[in-house]
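Letters A, B, C and D name the chains as they come in the text, with residue numbers starting at 1 for each one.
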Amino acid sequence: MQELKDTQNELDDRNLAIDRVGVKALRFPLEVREKDGTTQRTVATTALAVDLPHHFKGTHMSRFVEVLNSHGNCLDVREMQKLPAELLGRLDASKAHVEFKFPFFRSKPAPVTGKAGVMDYEVIFEVEAGKDGSHDFILTVMVPVATLCPCSKAISERGAHNQRGVVTYSVRFNEPIWIEDLIDLVEKSASCELYSLLKRPDEKEVTERAYDNPVFVEDLVRNVAARSNAQDNITWYKVEAENFESIHNHNAYAVIEKPL
Amino acid sequence: MQELKDTQNELDDRNLAIDRVGVKALRFPLEVREKDGTTQRTVATTALAVDLPHHFKGTHMSRFVEVLNSHGNCLDVREMQKLPAELLGRLDASKAHVEFKFPFFRSKPAPVTGKAGVMDYEVIFEVEAGKDGSHDFILTVMVPVATLCPCSKAISERGAHNQRGVVTYSVRFNEPIWIEDLIDLVEKSASCELYSLLKRPDEKEVTERAYDNPVFVEDLVRNVAARSNAQDNITWYKVEAENFESIHNHNAYAVIEKPL
Amino acid sequence: MQELKDTQNELDDRNLAIDRVGVKALRFPLEVREKDGTTQRTVATTALAVDLPHHFKGTHMSRFVEVLNSHGNCLDVREMQKLPAELLGRLDASKAHVEFKFPFFRSKPAPVTGKAGVMDYEVIFEVEAGKDGSHDFILTVMVPVATLCPCSKAISERGAHNQRGVVTYSVRFNEPIWIEDLIDLVEKSASCELYSLLKRPDEKEVTERAYDNPVFVEDLVRNVAARSNAQDNITWYKVEAENFESIHNHNAYAVIEKPL
Amino acid sequence: MQELKDTQNELDDRNLAIDRVGVKALRFPLEVREKDGTTQRTVATTALAVDLPHHFKGTHMSRFVEVLNSHGNCLDVREMQKLPAELLGRLDASKAHVEFKFPFFRSKPAPVTGKAGVMDYEVIFEVEAGKDGSHDFILTVMVPVATLCPCSKAISERGAHNQRGVVTYSVRFNEPIWIEDLIDLVEKSASCELYSLLKRPDEKEVTERAYDNPVFVEDLVRNVAARSNAQDNITWYKVEAENFESIHNHNAYAVIEKPL
């Protein structure tokens, strides 16, 4: 095979380092460990990147895909966390960043009949590693919930507007933490959690539970923040809630971030 | 200027006519007449297409854009309706199809305080014309509404789950019809219509109104269908409702289409 | 447990049958058989619906989820195809419709170096069953491809604009057909197929192959249509191609549908 | 009218201030001044928020909409920039943040024939104001461009893969800056700019121009960064480029941010 020109390796004289360069929107099968010891298979949308010193014209894009592929056709989430370190070596970089976003499924019994349903959540893993040994991990869960408006309940003679909302909850932590525990923490902070399967006695229960636990979008993020503050293993968090208001065509939202 | 080869005009021998060929996802400013005689400016996402006889290799894509541009930098919606006929001539086609989708705004007073807010809807115009003089027009409005669950209300001691839903309502008609009238028809068919601005007395009113008018997704499409059947000027309709259930992470939906 | 009112079972006097009512946007793990005999796990977004006679007020939404759940936490695609028949019985309907959309992965060697990469496609299964024994199945693959413009190549002294496009190809068939074969059929119809991993000798090969095989969006749908016509097992097809033109901010598209 | 309970004004004892609370995904007509002195009307998707001290239970969501509405049915972009200061007063907050995202249209002549077409871009205005007199403004343009791969050109005997990409370019500045100038700066940094209308002589020109100006995604962000560094009025920037690779089903991306 003839020698093909390596344009990427050429010198660049613009004197501009690049913070992050890589691939995005690449889908790949992923295997995730559950808290109960079993594993589930899902599908991730990934991004992999490194920094690029000012003197190189380009990175080698195919190596990102090679590193991703090197663990087989379905990536174990524990292997996934090693990718940034592997990218550092393979691409001669000083920083590497990897992001995986995927649906995560949990079997959840209906609250009264106990009938099992499967709920889906979005989960994001962001892992960064530096040549200097630095390491960062942010775990995000996106949890759909029900919120019932305290104001609407207080001022109305009957009923209260309620709606689906979604809580995007990101944490850094100093000892291993389970996706399931983060989801639980959020679901307890809303008017009511969601279920995929509800028979009539269950529907009665969740309707009344939501009515008895009204929360503003402000309450929702504060509830999550307060619970996070009470946990020693969570060293940083950011919580955003967005309610798809049933009385408006726009959304209400609130954000609290704990300073690093 | 040298003569450039016209690849599109070459003969094609695969003997395969093309049903529709053209451009898509092209954005263009649009001016829409309101019922009260004023006009509003908005932004449309458009698609323009013609059929292509089997003996031509390709259509001339730039002519679609030329026809669109020929009415100035902001297209009047009445001009828009002439586009298919213009495409027939310009592209020597036997059928032409044009689609414009755009947000449509209405000022709407809050129900008790009367404070004005601006609500947004999605509207779609689909116009088709044939060389044989045939003509077709489908007008679609996408109306966000509130729905309150009759079952949840009937079985619960307090409250009832409710949520935002969206009704996609398409009609053919035999005399001019206003976007505003179609929106009204849908909003009357839900548990409650939506507002962009609600003060506390308004919020009390819409909460109680929704509670007093529970509708399933099935009721919603039937209400719209029944009102459509009662109007002589509507010759065909299709109505789909989708509720973003506040107790589930999935949606409920229902569809009724009147046969042509 | 007290008897809870069954609002859905109440009589409805609007005399309006509903064409389709059910659940939408529900995600569920899916297991798909591959042509080589192995299986892959993926994640589907599903919709399940039935028709509703005019005399019932509502359907029973939870039963859709129960039928979906009754096959375990991960649904085999062969079980999936039985769902409509099961819905007919469980919901006392005369028609049932089920739709599953999911990413499908294939390992594909780079064309010169043979290095393996994993490509992703979108696949849709639509299955309908009637109480009268009628049955319908539409299989759709969405295949991303490269297209190089024949006109641009013909008129330019060097280069030719090319871009990513996506072909949405739906078929009905009279004997079993593999997802992989439909993908192959589409990929052969474009200027070049896509790969997730390409080293420099591979990139040279796909660049030159695309340059040597220019296709308009019209050629692309015709190539797929011609190949479909040549296969006896395909009884109906619809093929749409959309090119994300690299010279415009809008797309070119074309559609051919074989009449039933 | 009876006195309705003001739940939002109640005391909160969780001792948790909220960083940002408000409304999101609210659409509103917007009027934007162009560089040539004329104005164009478009449609914005907005978010408005304030911070909330720890001792209040909730903000007053309707006031955000009232402030938005107080300037009439179509907001002038210069009025838009006053909204944060108005929110500070109306909601008794110490920080207010406003975001408007909208399509922006420019008439652009084809490069050879001079035929006029209308190109669309996405623009984002983010304005923040503090009770302490602080002020921040970030202007973002999202510019679609064509990129032709230098590696593919260097190693291939004919052709070179190219594709549409999008550059997201955000700046802070110390004297007024025009949207048009930011767009120009980005378009000059790519292999070729995009047009909505191109006749054959134009298509020849853009094909050859792109072939003569190959850029990696790395080159693209560096070109934008270098041009930004050369302009005294730009005090900060962040530039991200994402290429929808025509040889892959994933994207290439790169980011450079100038430290504040």
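In this section, contacts are C-beta pairs under 8 Å (C-beta built on N, C-alpha and C of every residue); 3 or more make two chains touch, one makes a residue touch a chain.
Everything numeric in this text was worked out from a predicted model, so none of it was measured.
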| item | value |
| --- | --- |
| Neighbouring chains shared between chain C and chain D, ordered by label | A, B |
| Angle, in degrees to the nearest 5, of the Cα rotation that carries chain B onto chain C | 180 |
| Copies chain D and chain B - interface residue numbers shared by over half, same or different | same |
| Selected pair, greater C-beta contact count between A-C and A-D | A-D |
| Chain A-chain D separation of Cα centroids, rounded to whole Å | 25 |
| Chain centre separation in whole Å, for chain C relative to chain A (CA means) | 28 |
| Contacts with 2+ other chains: residues of chain A | 4, 26-27, 120, 151, 155, 196, 198, 200, 204, 248-250 |
| Parts of chain D lying in touch with chain A, wherever the complex brings them together | 4-5, 7-8, 12, 14, 16-27, 47, 49, 52, 57-59, 61, 150-151, 154-155, 216-219, 221-222, 225-226, 242, 248-257 |
| Residues on chain D engaged by chain C in the complex (per definition of touch) | 119-120, 144, 146, 148-149, 151-152, 155-164, 192, 194-196, 198, 200, 203-204, 206-208, 210-212, 244-250 |
| Residues of chain B that touch chain D when the two form their complex | 1, 4, 6, 26-29, 40-43, 62, 65-66, 69, 73-74, 103, 105, 107, 112, 115-118, 120, 196-201, 204 |
